[in-house]
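Two complexes are shown next, each including subunit A; its partner changes from subunit B in the first to subunit C in the second.
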Partner chain A sequence: MAVSLDPIATFRIEAQELFEHLETVLLDIEANPDDKDLIDSAFRAMHTIKGSGAMFGFDAASVFTHHLETAFDWVRKGKVAISSELVEVALVAKDHMRILIEHPDEANSSDGDAILARLAAVIGTAPAKVTLTRAAASQNPTLHKSATYRICFRLPVNALTSGNNPLGLLDELRELGTCTVTAITDDIPLLEDIDPFTCYLVWECLLSTEHPRSAIDEVFIFLLDDMELKVDIVEPDGRRLGEILLDRQAVSAEGLDSALTSQNRIGALLVKEGLVSSDIVTAALAEQGHLRGEAERAAKRENAGIRVQAERLDELMDQVGELVIAQARLRQMADAGKDIHFKALVKEIERLSSELRATTMGIRMVPIGALFSRFRRLVRDLSRELGKEIQLTTAGEETELDKTLIERLHDPLVHLIRNSLDHGIEAPAEREAKGKSREGVIHLSAVHSGAQVLITIKDDGQGIDPLRVRAKAEETGLIPSGTDFSDSDIFQLIFQPGFSTAGTVTSVSGRGVGMDVVKKAIDGLRGSIDVTSTLGVGATITLKLPLTLAIIDGLLVRVGKSRYVIPLSTVEECVERRTVDDTISAGFDFLSIRGELVPFLRLRSLFHVNTPSELFQRIVIVSAGGGRVGLAVDQLLGKHQTVIKSLSKLHAHVPGFSGATILGDGSVALILDIPHLIDYGQTCEAHSRAS
Partner chain B sequence: MATVESTSLPVKILTLALAGEAFALEAEVVREILDIVTITDVPNAPAYVWGLINVRGKVVPLVDLRVRFGLTRSDFTIDTRIVVIELDLDGEPTIVGLLADKVYEVTTINTESIEATPRVGLKWRAEFIRGIGRRGKDFLVILDIDRVFASDQQAFIGDNTRNNEITRFVHAG
Partner chain C sequence: MVEAYSTVLEFSGAATIRTAEDIVIKLKQALAESDTLIIVCDDLQEVDITFIQLIASARKSAMVLGKTLQVSAPIGGELLKTLNRAGIQPTGSQSFWFQERSV
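And then the complex of A and B:
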């Protein structure tokens, strides 16, 4: 496979991340206009885009960004105040910058000029013409580099009586960055000589911070004249204790050498030889630990930055899938044989491949937060367009999901959020009249639940009116009038193609396309949609999705001669039942489990199996759509790591299967799609009753 | 995919037997020919794609050409083979196994010797046939493999009650 090393492509990817970051920060600034850190962060992002843009030849983008950067520099310096208009212009400008970098040919310079004119109007200047020299632009965009300082300070003798609190000073240092503090107690006299008002302690702090050196001086600003303060920069390498002590001139090179020759724990040795006090060794040890920690953190930061092409991950996943299949075959061979060593080796390989599988899946998992933050702009822009006041709150951003899932969730979520915005949440005046707050809230959350992820879109709008949905459905002939339907069945109707209760068509929604697309997309991800709503209070839409699309744990069962995989995440328990208890029925029957009636489906009849049935049937109890349903099978074969292979178009419409997998002996087994299989079972039952 | 080309061009074909008659398909779509392997039944599938097989780690649908042409399924013999072909299904490259009673050979045929499908006198479904070729005294039925798969949606909906209901919903809405 060809690896793209095109620096411009790499820059574009980086720029895309910067733009996403910039958008988030700008939206944050709008909510907290006084937060200096946010303004700095926005400024840094613009600065980097400008600098590296010029470096890679995107001069137009660079010059354009310069104006925005200038505006934010003024904000930083307090010359211009943040206003929502400024944020608005900055967002539009950001979009324009994005066009300039991603599709420079499509960019319209008059658009850019218009934006700059607006920007100038907001910050109150005429747009200065700027030409950028590449040398100036290619300066290092990093503003502050993290450094580690060794701070050694002794407070004036009267520090305690003059109202200084050393703990407060230490806390201030800790606020600057990662800080390791050691107190040197060498100067403390014997108890009878102690003056309780004198400060005998000396402190040594290791501080890793992005703040400049002057920030440290600021901490001690009121004491600087009378105190001893020594600040050195420490190189963050994993140095040996002896070198650190040497560096601090706490021990002479000869002393160190002689101590080293005795080959013992150097700290203990040096103390024993009376060369240094134990406190100083402790301080040096702390420094060593601190620097090691820093080095590890730095290493981690670097690790986090590896970029891998998406196809490579997919390829890796495929190969791991093949490995899992091959390993299952090996296992079968080992089980058949008697060679203990071979068996042990197979066990080892099994462990390794399952770890490899877990790691590979882990690589593909990304937090959903990035997806959520993309909706903030959507909500902001749409609510303005519709004249509504809407706040988007999120929870569970750290919830991890397979990356393909996240990509494919974007469009359905956009549809659902648009729907909430347009149909759900009322106009501010209407809300006030109903006694609600003017501002509506859309809450987006994600949470893990077993092998599934639940994504919830909740709004506090008017809710869905089951009567209107019903009337509409009857009017369009979707359901016969007068049929008995529960509210949740009624709400499912909104996912039918061509369904819309919106009286008017707006630019946002109401055309009746959308919800069926959402349903289709979620079905395609083997997920389900649940709608609950209270009229006048709000609606909640919950998407239930599998964690991954690639590999699942399954329960392998046999029905007739064929084997099937039931996703283990749906299995609750297995029970046994005598076949002779069967009444002759094609569809559902009921089973009493601990006093609870559980309907069950005979897979033998559903799959038209003609082989003679076993004396006992096994019933696998699965959870589906909130209820429990049994599936009668002939035999339970055990747990099976299942690599999911999708079915071809030729089998796309076969009910009840979500895919297929290859078993250890090389044959193919179908994977049951529980919710659809149960639907199908119900339909079959309805048919057999009707006929 | 016109029915008959006027210019004479040699085309590589694979010849096979179905219910005692000789058929041919373009050799370029053929990937490999397999002996019978374990076939997994797909319950409630359209009758002509009743099975799935494993071809080098891929799950591949098995198309029973006999059933597709309106004949009954037959028992496998020592000659039964699976012809693995690659084709485009609604824009998606798909690997499919074709069940053949017997596979003869890869050979060439001149396009000018292919005649249009006669309207009558044929026991096969004419829409799947591109033409009749002649090799010596024998006739060869040239398959139009794209058409064999083209109308499968239509054929399928009739098989499935649930889909019927959905279609009804769609038409009503």
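And then the complex of A and C:
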């Protein structure tokens, strides 16, 4: 059970998230170069990677990131403008930073130098020659415990005439964290006495920051000798206004007590009594607001969640699976006995076990948005490489899927998107000639549909030509010439190994390698692929996937003496049929259900069962590949929580089964893989007819 | 009965340390001549701390003299941006900055 908590591994996981965030933000900046929040967000990500990298010994990554951070610091300060070139080099730099952290041994320093040289050219100077104070900051990274400081300062009277800008100093303080600034105007004289060049304002700032105390001194480094600066640590403990004023020594305890005897607001009272100025009360109220905000932010951070290692979640899921199996055995015992109290207890345990299963599966669910955002870069880079203008739009990012599914979906989706980019969307000139906009769109969406998730990749390109696909399939012998196939069947041929209609092979696609891999990967996830296309308008590929790979709801059935599980998500209805009708219908394998002819497979003959058949067959109608197919079984045993166990290597290639599960009595039931079972059944039937 | 005079004093362009001396003179003159001084900052392009101090000082003087001083500044204009940067809070004695708005 012990799972080691390697801090380096933890840092790498956090860095991975930061890199993904940074990539997303950089792509957003490219679209919205004036968005200051985005630039700040990119800067913060770089800053954290630099600081954390140094802390965990990734010095090369830290030093490299420092240069990029400096460039973006200049962007923040308006010294450098955002350009497409800067975003491009920042993205490449991000990739290099990632290598430096994830695979430092594979990092090539000359690559890093080349990137820095590009960066220097883009921002018009050598970023290595940044000011020493910033360079020194990289030695002393962030990740200090967050603290809140009360900073009271009065600048020298000649501060303004000696070229200092208090507004700039306040801006620098704000850059250190969350800062609430209050100006105290009490010392400003009347108009006849004022010297317009003297700085009369005094400032009180509340700064919550992860930077060390010395960072505050750095802001005032050229004024420290002549100015008044008082820095105190403040605990964000939600204090009352009176306590804050007492702490600031702005009011005496006696004055406060006297004011408190009245029912009016304490601040207004103290001002009225002449005990403090209105500005001081304003500053104290600002402090109160700031501290409340910090306390809320801290509470939110605490409630935001904890990081749990994926292995622990897998272990938890395994244990819940064992519990579900044990509970099924308990249920069987209870059913066999007559003890009402025992039965009630088993029912209670069943309820708890079901809730635990739902909660555990919920923990494993993660939004698909993080996966979608990874494709933005892919589309951006590839469309440039191919000389196309393509926009990626997404929807349903909040749709949640089992984390294992999300990890395993990445490669198939990359293949599908690359294919849309290369073969689907036309070149800008060709699109214009067809009356389309120059910019093509690839739309990626996800939506829950019952116990499944539908992931759709839709493009507005040229679509798939069914005649061309058919011709190619006939030419390569995939299908016999002249066979009657629907467009939907024809489109499924693109998933055959080695199938490609592309005239030219590009670095992106066209070799016919990939779509069959996609099919295998989706099959491996117990999913299916639907393709629709309208020539000249675009193509849509829909992946139908189960919500989870661990536990499913199944329909337990009996065929002969063996029991099998049919995934409940595929079951549409069950009908009964007299076995004697088999003879009457002379072996025709169709049922008429409400006027619709539905083909069905006899699992008894498919599994070579020789035991005497029942008087009635039960036909389970399942949905498969856009159609309905019946599976004839001997008995329906009921709904079953199915903990999926992988088949052994010896049995993994047996067609028609996706796994196995352990039943309450300890016996094993095979889980039917519906699409493959139907394919297998059709093949068997074709063979038997041929013979 | 004495008639109350009001003066509108408009500032535009830069109101910074470079123009501070002129601004003081204008403010003193306008305050001496009127009971209500309205300072219009619609076309200010650049503002620094000196201008904020001078207006705050003029407001203090006006209060001592029993006169009124109002500031009119556009939402999102330079003056309001500078007030925010300087930490002038829209409550207490400095609330007068934020009472008049032009769009």
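Methods note: the second predicted complex is superposed on the first by the 507 of 691 C-alpha atoms of A that agree within 3 Å, B and C clash if a C-alpha of one lies under 4 Å from a C-alpha of the other, contacts with A are read in each partner's own complex, and residues count from 1 in each chain.
FYI, a contact is a pair of C-beta atoms (placed from the backbone, for glycine too) under 8 Å apart; a residue touches a chain by one contact, two chains touch by 3 or more.
Model, not experiment: these values are computed from the prediction.
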Touched partner set for A:Asp530, first subunit B, second subunit C, both or neither: neither
Partner chain in contact with A:Glu88 - subunit B first, subunit C second, else both or neither: neither
Contacts of A:Leu160 with subunit B and subunit C, given as first, second, both or neither: second
Touching partner for A:Pro196 - first (subunit B), second (subunit C), both, neither: second
Which of subunit B and subunit C A:Ile188 touches, first, second, both or neither: second
Which of subunit B and subunit C A:Glu474 touches, first, second, both or neither: neither
Which of subunit B and subunit C A:Ser278 touches, first, second, both or neither: second
Interface residues of subunit A shared between complexes with subunit B and subunit C: none
Residues of subunit A defined as touching subunit B within the complex: 322, 325, 476-478, 496-499, 561-562, 606-608, 645, 647-651, 653-657, 660-662, 665-670, 679-680, 683-684, 687
Touching residues on subunit B, where the partner in the complex is subunit A: 37-38, 40-46, 49, 52-54, 57-61, 63, 89-90, 92, 94-96, 149, 152-153, 156-157, 160-163, 165, 169-170, 172-173
Contact set on subunit A toward subunit C in their complex: 160-161, 165-167, 170-171, 181-183, 185, 188-192, 194, 196-197, 199-201, 203, 205, 271, 277-279, 281-283, 285-286
Complex contacts: residues of subunit C adjacent to subunit A: 17, 20-21, 23-24, 27-28, 31, 48-50, 52-54, 56-58, 60-61, 64, 82, 85-89, 91-94
